[in-house]
């Protein structure tokens, strides 16, 4: 239950984390890798940032149409503080971003009547198999008018193709705005669920084969593990439907109409995944049924055969007992053919019983 | 789980497939068969198109009220590219059309504020039994003002009657517009589910008969296969309700009011199918219950009869053992009638026990 | 699964049946009985119509406030054609009416913007027990301003009381309009479900008694049949809720406000029936549970008693075996009281074991 | 299934019971007790009415702010007819009131556009334990502007405290209007469910104790009876939520705003009861699980111990059989210590097996 | 079922408790501890109130922006009466506050058209483990424009951090209004559920380990207890969703817009907890399945091994019986090697059977 555990965390007493407080949080292990990608239709620049303070003091180049700052590693709290101040991130969003166990959601912060700049804050999770078990990692996306900030605990390969597409001149990504980039990031995460579902499909088939082959003692706990992985996937994908639906439905100044059409497509993918999850959950239920039935069938088979063996010998043992009696007046004992006749009766009885059992399909 | 597997596919990294990209996609095996049907109230022309490039360069004949271009086979990417360009199909729709595993849906593309011409894009699936298992095939329909384009991976017989009705002068189809053609195509697909449900009904009855007759070892997996076929059918039909409902509810410039009345009828059919699917799912659950109960009843019957046989002989064996004892002072052994008396007691005990068992309805 | 089967039918290729096509449909067996009832507050006339063509050429009498034409028997297609033309019935409604397997529904056809006269088309089903099984029959009602047409495959007694009430001067029916007649027809059908539910209640009690009495081998399939009858009833009544609710909610020119109050009452009855159906479904589930538990209890009882008998004799048989051994140095064998002592030990052991078993409540 | 049965009744053919028809209905057994309570802030009068005809011909006293006429006993149809005429009760409401098996509901009758005076007709049920089983009784409340009429089949103690509070000068009831009285009546009925739930809680605990103690043969049917009592309670309380919610939500001329605030409180109580019912239903499911598990555990225990006894003696019996063989060349038989050695082996084997069984936790 | 019991209480006959009535209620055991905290951005004062009458006669200091009066202990009815009068609490709210078993809810009382001052009345419950079982305690919050009153039966530590944050100059709490304080109180309660969920996670893992280790007799009732604790948690948290959602959605004069943003965050936490509860409920179901399967596996293992032992000896016992027969013409008895041969056959048969059993995986 490790994956589910990780969703339970001591939530900080005060709601939200003010910018000044971020720096005071305990520094975790490992460094953060911060990458800044600027691009427009004509030009692209990818820069690994070492001196963040220096970086934020300069304005972005004039030609840059969209800037994507991705932070891989949340341990360097001072870096996060600098970015939160520079990009005016809302305290509640910063808190959620640092907690790592938020349910997927999309929340608008700031805007006209607020002290903060209008930003859309999106939380979701990437999923991958680690040592045969599904594990998840929170990804936080801040979408501004021309800027996208992404935060995650470690670098994941899910967005590599997007970086490729940004480098590719003439791609739709290069021609579009920041909200299209945010959409593409979400799309990549959602699409990364399809191989996981494929793995689930293989696993279901494998489990079914194992059940029919022989009853491993821990097969039931394997099926339950399968169900829990499905629960985790569902925990991530189910709220994504609401997230994408709200992005598509509610107008927000940072999301362009052009992107909105693509969100409809993303919504379809999410619904498709949810459909498949529910199907696999049903199949998992069937597997448990098959397992239970197979175990009891196997046990019954054994008991049946053993009881049959016993049943054939019980009348014969009685017969042998009869002729072991010590009555003085016992006519059969003196017959010369009594002994062979006894064996004939024994064999005949056994064969007859086997025949009856077989005709009644008990064997 | 093959059918479900096929719904999981590596979704392309970039969303949508631009017109220029289509031609660059890998060409599949098999040729595409493209048929163009033009008709109006008075005239009809059916043409198999060999040279597509040539075809699209000409305008349709003046008299043609509705044009239906059907593409059977999605391997010839260049043909799809030519049609996509000519009819200005939206990249996202083209991608969905080529994926073959979309959930049924209806989506408007283009229109007033868009670069694209207004079209309604409808995805659905045809279903048929292949080698005893249900399999599905995606069908994509593009509905314009006077044009209907349909794409599917292979030619299916489901629309043959529609082609007949188009040829028939005076049919409502001939008198109606393109949206009525699209409706008729959907109606034919939905109505093709009824024979499948009939087959399910036969199968459920057959399974029930098999359960009561004798317990085949793989009957449970047959019932589970039945359930999975129902899941697949549900996967196709359930979203069709939303599709037809939205076509009927949301006004779209390509759907005429006359057609809308007929969509209500189609909606009823879809709901009827969903009702039946749910009923069969419930019956499948009952079948599993009956199977489980029948297996355990059969096993219990065997155990019971065997135990009864054993039970009758156990006291008798004890009695035989008693008179096999070697005590020197053993009065019965010297009685001349002891041996016949022994047999009388044995038969009497056995008959009494059988009588008791029968009276208690244990036999 | 016969009743459910009948809902699956090859739906005609072309949607709707035009008036001209009706006559060309295959003529079924059996004659149609057509009755026309005219009534107003003061006068009533009931006429069995033999020459339909003649009948439709005349106008209704001046005094007639409401005309009810009931057609019992759908085989005479020419009669249906004449009525469909005369009363301008919509092709889709005619098709649904002839299919006999429609889900209950209420659909408005025609009206201001249409070629057809405004009519409300209502489909429902009557239910009755035939040879111990529930069977259903479709009833179609066309409600116009002053006319009600009803179609069903065979005459059913469910509307006999309504005919009585029409004949009764001063009844509310005589004083009201056509929509009140339509309401009364629906009300009679819905109320005819109550005796069926009573029969279900008896059946549930009977099944429970049978379970507790003895385990008939086919009791489980009887309970499943009970569940399927409930499914059929639910299939009919569940959509009736939507039908009555929409009649009450959506204003239609043919339904008067006075009738609307009564529809609320009808709605309550439908909801009450649905409640009871769900209750019986739950009870059916309990019955299966009880059955399973009773079967396994009975089997366990048998096994337990048999095993007890065996267990008592096993040590005794061992003891008899001991004294049947042929050791030369065997002190007990020479004791004069050894044999009586052996029996004393046997009886003592058996009594002690029975006592222990009874104290542990194993017997 | 007696309680559920009573909800199924032959519903009269004609909808509604006109005032003139009431008197013609068959007179039931038992007399009706009619009580009239008039009160205002300052004054209160309670009168048992013997001559109803006389009573209704007089107007109420000038000072009377609210009049509550309660009818206990529905057998005296002429009394009901007199009241229905005097207070202009709607025929449909009268029918529902006399049926005794209506689902709880609140329906407005009459008002501006109607021939009838505006009244709110509320149906609910009181519940009480009779001979260990829950039984229900319909209560009908007619709320007018200054008048409340209540009808029930027999006098119940549930409203006694309300009569006390009316007599108490200065109570809120005395200061408030008729709708507050109606609210108080409903509140008393709803609150009377809490002791029933307490009884259910005790019963659940008692059943659990019985299950763990010993397996009574009819415990399962007791649990099912418990479930059915819960179903009955749910049948009554579930629609009450809708009733109270609609009273609170929809404005009606007879319900004052002051009362509306109190209805919100009543709604909370109803929801609380529904919550508890669902909880008890879940607990009942757990009880069945525990029962099933306890029965099979107990049976398995027995079988296990018995099989163990058998298993210990089977090898020993074999050994005794061996030394009962009549081979002429049988070295052990001549050994003087053979017999004691045999016993030693027997005891040794038995002890060893018991030791092994205990170590494997089989005993 | 103690925790659930406590929700069932005899609800007072009269709705609401008027201010004058409060003092007349029976005085419970234990004293109430009343604390008053006044604060503004600059200043804070915490005062334990001994003489409440004296306290309420004075106005709050001018600088006090928010006043929080917390009452720990509901036994001192006169204190509650003084506060109810001073702060004009609505009788229905007072009744709910004193009942201690209310479902969580948020209700506006008073306002423009009412005799009472506008207040938001919020009921919720704190949860904690006591002696290994989850127990709950009702907390009532009255939110006015500048005042927050809280009532609970005993002092709980859940709000200690909030008192700390109030003392901390510069905290957001100090800068915000009374509704932010109310939000913070709710937030602290909701966040206190996370450690409980963590404990549930541990308990689920522990139960799973216990099941796999050995089958304790009362493990099933432990799992059911686990399920009931989850039911209690759900009973508290489920309505909290509606509470927070309504606070956020419906505008109320006492809730500022600034607070509303934070309520969205609280809503997310509640939904997260509900998700986890549902997950644990599903896991509890799996645990029961595993337990049942483990018990029957263990029992089957025992039966299997015992039956195997029996089966091996049954043919051998028969053989021993054969050679114990007393036939006079019995050739084997005279063979010198007969006895050793007998043993060879016995050992051979036993080894062969063991070999067959092992190859068939029965051992």
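Every chain is named by a letter (A, B, C, D and E) in the order it is written, and numbering of its residues begins at 1.
Basically, contacts are C-beta pairs under 8 Å (C-beta built on N, C-alpha and C of every residue); 3 or more make two chains touch, one makes a residue touch a chain.
These numbers were taken from a predicted model, which means no experiment stands behind them.
Student: Using only Cα atoms, superpose subunit C on subunit E and state the rotation angle in degrees, rounded to the nearest 5.
Tutor: That rotation is 145 degrees, given to the nearest 5.
Student: Find the geometric centre of each of subunit A and subunit C from their Cα atoms only, then give the gap between the two centres in Å, rounded to an integer.
Tutor: Each chain reduced to its C-alpha mean, subunit A and subunit C end up 44 Å apart.
Student: Per the centroid of Cα atoms for each chain, what is the distance between subunit A and subunit E, given in Å?
Tutor: One centre to the other, that is 27 Å.
Student: Enumerate the residues of subunit E that touch no fewer than two other chains.
Tutor: 296, 303, 307, 310, 314, 317, 321, 324-326, 330
Student: List the ring in order: which chains come, beginning at subunit C and going next to subunit D?
Tutor: One full turn from subunit C through subunit D gives C, D, E, A, B.
Student: What residues on subunit C touch subunit D, complex-wise?
Tutor: Residue positions touching the partner: 161-162, 164-165, 171-173, 183-184, 187-188, 191, 194-195, 197-198, 201, 204-205, 212, 257, 261-262, 264-266, 268-269, 271-272, 275-276, 279, 282-283, 286, 289-290, 293, 296-297, 300, 303-304, 307-308, 310-311, 314-315, 317-318, 321-322, 324-331, 361-362.
Student: Considering the complex alone, what residue numbers of subunit D touch subunit C?
Tutor: 1, 4-5, 7-11, 13-16, 18, 92, 95-96, 101-103, 105, 107, 109, 113, 214, 217, 220-221, 224, 227-228, 231, 235, 288, 292, 295-296, 299, 302-303, 306-307, 309-310, 313-314, 316-317, 320-321, 323-326, 330, 332-339, 342
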